[in-house]
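Several structures are given next for inspection.
What follows is subunit A paired twice: with subunit B in the first complex and subunit C in the second.
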Partner chain A sequence: MNARLSRSAVLAVLTLLVIVVLSPFALVALNAVKSPAEYASGGPLSLPDSLYFKGLADFWIRVDFGEKLFNSFLISASVAVLAVIVSILNAYALGIGRVRGRGAFLVFFLLANLLPQEALVYPLYYLSKEVGLYNTQLAVIIIFTAIQSAFGTYLLSSVYTAFPREMLEAAAIDGAGKWRTLWRVVVPISWPSLSVLFTFFFIWTWNEFFLPLIFLISNDKQTVPVALGVLQGDRMMDATTTSASALLGIVPAIIFFLIFQRTLTRGVMAGAIK
Partner chain B sequence: MTTSTEVKRRPLAGAAPARARRRRSGGGYAVFLIPGVLLSLVVIVVPLLMNVGISFTRWQGVGTPEWIGLDNYTRLLGDENFWASFRNIIFLIVAMAVVPTLLGLVLAAVLFDYVGKQIGPRTASVLRSGFYLPQVLPVAVTGIVWGWILNPSFGALNAILTNVGLDALAKNWLGDPAYALYSVMVIMVWFQIGYPVVMFMSGLQRVDPELYEAAAIDGAGWWQRFRRIAIHLIKPEIYVVLVTTTIAALKIFGQIFVLTRGGPGNATLVPSYFAYQNFFEKAQVGYGSAIATVLTVIIVVLAVVFLRIQARSERRDLL
Partner chain C sequence: MFTTRTRAAVTALLAAASLVLAACGADADDEGGGDGKVLKLWHYEGATSAMGVAWAEAIKQFEASHPGVKVQFEEKGFEQIRQSANMILNSDEAPDIMEYNKGNASAGLLSKQGLLTDLSSEAGKRGWDKISPSIQTTCKYDEQGIMGGDKWFGVPNYAEYVMVYYNKDLFTKHNVRVPTTLAEFEAAMDTFVKAGVTPLSVGGAEYPAQQIFYELALSKANRSWVDSYQLYKGKVDFKGPELTYAANTFADWVKKGYIAKDSAGIKADPMGVAWTQGKFPILISGSWWYGRFVAEAKGFQWGTFLFPGNSLHPGSGGNIWVVPNKAKNKDLAYDFIDITMKPEIQSLLGNSGGVPVLGDLSKITDPKSKELIENFDKLNSSDGLAFYPDWPAPGYYDVLVAGTQHLINGTKTPAQVLDEIAKPYNDNLTSIGK
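And then the complex of A and B:
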């Protein structure tokens, strides 16, 4: 009886904590589908009489949200693919090839990933203007490919250090060169690690704010976080419109979370073992 | 660990031809580094060095930078905003690294050890996902959500307080210098808490249940087992969480940009936003570069120190 009581007590406390953590999501969802009039009369906690989607639709049209989704998707997917490829090439040389100076390279890539972007931003801004890449998505893609692949190289090199040597030797006996061995043997076998990296790179790039804010100044090139972030404090933003904008930012993130949850959990664990 | 396997492997590959082949093949692999190294040079190494160089100049971003030696750095030492930004960062390290790690340890232990075993692993993983959800949001979106909830005129929190008759507690949460930093701290705890919970729960899976049972037979209570066994065994995770969250706190920008722009006054100013202001609002590029350089040095030193401590404790565990 006593054990049962403490069991329910622990469960009640934890459930309450989770409800507190999730309440901002609930508030946003509740008020995004409420008309401004209803918000004015009933406040943030009242349940709407009927679902009101006009606020969401108006905001979607006002910021051309479809375009922002496309921009974010284009940038994140390009970075994820390119950064995985660069990570594979680096890690092949460092983890499997064990080229000279690999320790120094690994420390370099680890530190490169930890650097604050503020220390790179002005020179990158200046250089991109010089070569005509300022205010292009290509500039953002190139920069994030470098930053993400620094982490990818570090992680994947430790995976490739433990790669079964027999498989490489078997490929060599079959007459496969290094290039062929990489794509026919190493990449297929390390596919689970690569998919974790891809997932990380995609979500991290999607969530980035600082560099896209600086590099994408014209409206039609902006990503979802930048477009929503710069509108904050705008006079047009009342309670229901702000909730609508927050909901539009939350929904893609939750969709990715659900799709990638399995991969992500595995990845967080891989990070812990590293 | 790595060195010992290498030492062992070498005599195995001992035959002279094999060794020669390996050396030649090492050279062949270097080609694969070319794209990655070029990319890092252009995007990371050259800009980083340029930034350090610019920090010794006075420059508006156009025209020729004027060499002024260490002037920007001596100016930093006397700049009230600079010290405010670092004082605020210490508060944010408490909110983003220290509190989530401590809370995360308790929550992970209760979820894994109590809920997982007494009630069911399914309940534990549902609760874990609940705590983790804020982590999946883009930082700018967390700023939008909380900027609205805490807004003094149309925010949800003050409206709720008024509804339940607690108008006296309603505040200008982000606009009053007395509360702004604490409000941001609470938001950051909310945002970060899921990461340590997930990391520590996965670490606890490594703990051998027999060890726990043996300790229980020896009369160790739950708290003792948690402190002596669990915390000791998930030390690697604790280090990883502390390093990554501390560095994340030092770099914080998005939430500050959306929530407060460093204000009111300099109540929530942080180094990255301070550098941003100097780069892009005040056109004091040399000064901004000096701030960014100081921040970089702090982060690199911290990372190296943490990695050292971690390596040393791993060595101690092996003995």
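And then the complex of A and C:
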């Protein structure tokens, strides 16, 4: 009886939390399908009389949203793949290879990770201008590969420090070199951690606003979050179109998260069976 | 098992590599300047706004009068231009012509950094200097980047000003006539208060409250006070008659119930929505609302009048066209600015809900636009634009928001508020050596 009571209490609290978390999304969705006139007469909380999709369509056309989706996907996917590879190589050296001074390296990477992006802007701006990469997606990919892999190295190194030594020794006895051990033994076994990293890198890069805003000048190179910024005016705010754009902006991230979520669980299961 | 994994990993790697290559390949097409064949133009106004409509037509006319030249237009986000204008203009990616915010902290700063082209000779030659002196103030900057200087760095196509929006249906219902003096205005608001209606929709958490405060100061001020306050041409006494009257009257208006106690926490957008919902009869704010109200305030008849009794009003020239110093086709940029100042483009801007700087009222056919521009002509003929209260010092916007919030909440007396807002103002004067 008591257990059941506490269970339903937990359930109630969880339901409440879910509502609190979801209510901003609901509000955005509500205003995204409301006409500006209805917003003006009813305010943000009123229910629309009819669904109004013109705001969504107008915004899509205005910023050429398909192109922005492609750009974001290109940058996020490249960064996620490259940053995972760099993290693997670094962490293999630091965690399994146990190179000298690895503690110092890890502290350095952690510090680099804590640095605010605003502090990086001017040095990166001058560097990229010098090498002719200002206003290119490649610049953003390189920068984020470095930033994300700093965190990835930190995390993956601690995973690899706990890597079963017997496994490595067995591989060595079987005649596998360092390179072979990495790709045939270490990477497959740490696959679950790698897919977690990949997912995080993808979503973090997808949501990045500040550096893409500074580095991607031409409209045809911009990413989704930067395109959403088009609507922020000096004084005026167009609430319904802003909601429409916000909805368009979150939906891809949610979809990707759901897709990755499934591969994530699969990765974890595969690891468990071995 | 491993091999399929490896294969997947290799495929992912290859995919990533090809993505990177594709990214590299995409930037090869960035040439396009210097040969007089392309005008690279950026602005950040929506396509349906008055400026968006007028400028689209200007681009069309420009291409017609410059055969062989293509306008490469990009709609930018205000945020991006604000954050990175100085970096963009210092690189080869700079456009030939760009919309930019007027004022010391924006266009003034860029001009001081040497990133903008001096337009003085073009302005004289092409007659852009026909616009009224107070609009010119935001076009011209001195070597410190302070507005009201001697060199032209930008040209505006439109102006903006603060006015009183009123709900005609509620005025009729409560038998209130449009006031022509401040006393009549207060009497009108008294009538609403007696009927249990709060007269003013005020957003105390953002710019609207300080603009009402400034209107009240301007009711006692003249041009030389404005020059002192905005352009540092003289000393401003924060305990003088202008600001003392403003602070006392503002506090009075709260006491008498013209301004609701809870408006300290209201932002500008909800303020506008509350007015379009018909909850308040009066809203004091700028012409930037006009187009939106025309489109969205459907439930009642409404009109506007200038703040009663004032000859000076908050307002200024709009955002300006600037020509970056690194622009590759400056002559084309000048030609484009010239087209935007032509009568037909100015009239189009007026008929689309904007306030043209060189408008001709007889060419304005749209009745709602006519009212807007008529009022502007009234105040422009006496050169009545007094800029905005937060302009004189960096970060002053927040100081004024806090000050007016204290007045609304009654947490500080008017005299205390005046002391509070005087300090940052005077600190700034010291720091720029005035």
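Note that the second predicted complex is superposed on the first by the 227 of 274 C-alpha atoms of A that agree within 3 Å, B and C clash if a C-alpha of one lies under 4 Å from a C-alpha of the other, contacts with A are read in each partner's own complex, and residues count from 1 in each chain.
Quick note on the criterion: contacts are C-beta pairs under 8 Å (C-beta built on N, C-alpha and C of every residue); 3 or more make two chains touch, one makes a residue touch a chain.
Treat the numbers as computed from the prediction; the structure is a model and nothing was measured.
Bringing the complexes onto one copy of subunit A puts subunit B in a clash with subunit C. When the shared chain is aligned, subunit C comes close enough to touch A:37, but subunit B does not. Of the two partner chains placed by the overlay, subunit B and subunit C both lie in contact with A:226.
By the document's definition of touching, neither partner reaches A:48: not subunit B, not subunit C.
In the superposition on chain A, A:134 makes contact with subunit C only, while subunit B stays out of contact range.
Of the two partner chains placed around the shared chain by superposition, subunit C is the only one that A:78 touches, whereas subunit B remains out of contact. Of the two partner chains placed by superposition, subunit B and subunit C are both touched by A:213.
Put subunit B and subunit C next to each other and count what each touches on subunit A; the higher total goes to B.
Look at A:250: by the touch rule set out above, it reaches subunit B but stays clear of subunit C. On subunit A, the patch touched by subunit B and the patch touched by subunit C overlap at residues 43-44, 125, 210, 213-214, 226, 229, 232-233, 238-239.
By the touch criterion given at the top, residues 36-37, 39-44, 62-63, 74-75, 77-78, 81-82, 85, 125, 129, 134-138, 141, 183-184, 187-188, 191, 210, 213-214, 217-219, 221, 226-227, 229-239 of subunit A touch subunit C in their complex. The touching residues of subunit C, when paired with subunit A in their complex, are 2, 5-6, 9, 12-13, 15-16, 19-20, 22-24, 26-27, 30, 44, 46-47, 74-80, 83-84, 87-88, 91-93, 101, 207, 268-270, 272-274, 276-277, 286, 288-289, 292, 295-299, 319.
Considering their complex, residues 2, 25-33, 35-36, 39-40, 42-44, 46-48, 50-51, 54, 61, 107, 110-111, 114-115, 118-119, 123, 127, 129-131, 133-134, 136-141, 143-149, 151, 154-156, 159-160, 162-163, 190, 193, 198-199, 202-203, 236-237, 240, 247, 250-251, 253-254, 257-258, 271-272, 275-276, 279-280, 285, 288-289, 291-293, 295-296, 299-300, 303 of subunit B touch subunit A.
Those residues of subunit A that touch subunit B in the complex are listed here as 7, 10-11, 14-15, 17-18, 21-22, 24-25, 27-28, 31, 43-45, 86-87, 89-90, 92-94, 96-100, 105, 108-112, 114-127, 142-143, 145-147, 149-150, 153, 161, 178, 182, 203, 206-210, 213-214, 224-226, 228-229, 232-233, 238-239, 242-243, 245-246, 249-250, 253-254, 256-257, 261, 265, 268-269, 271-272.
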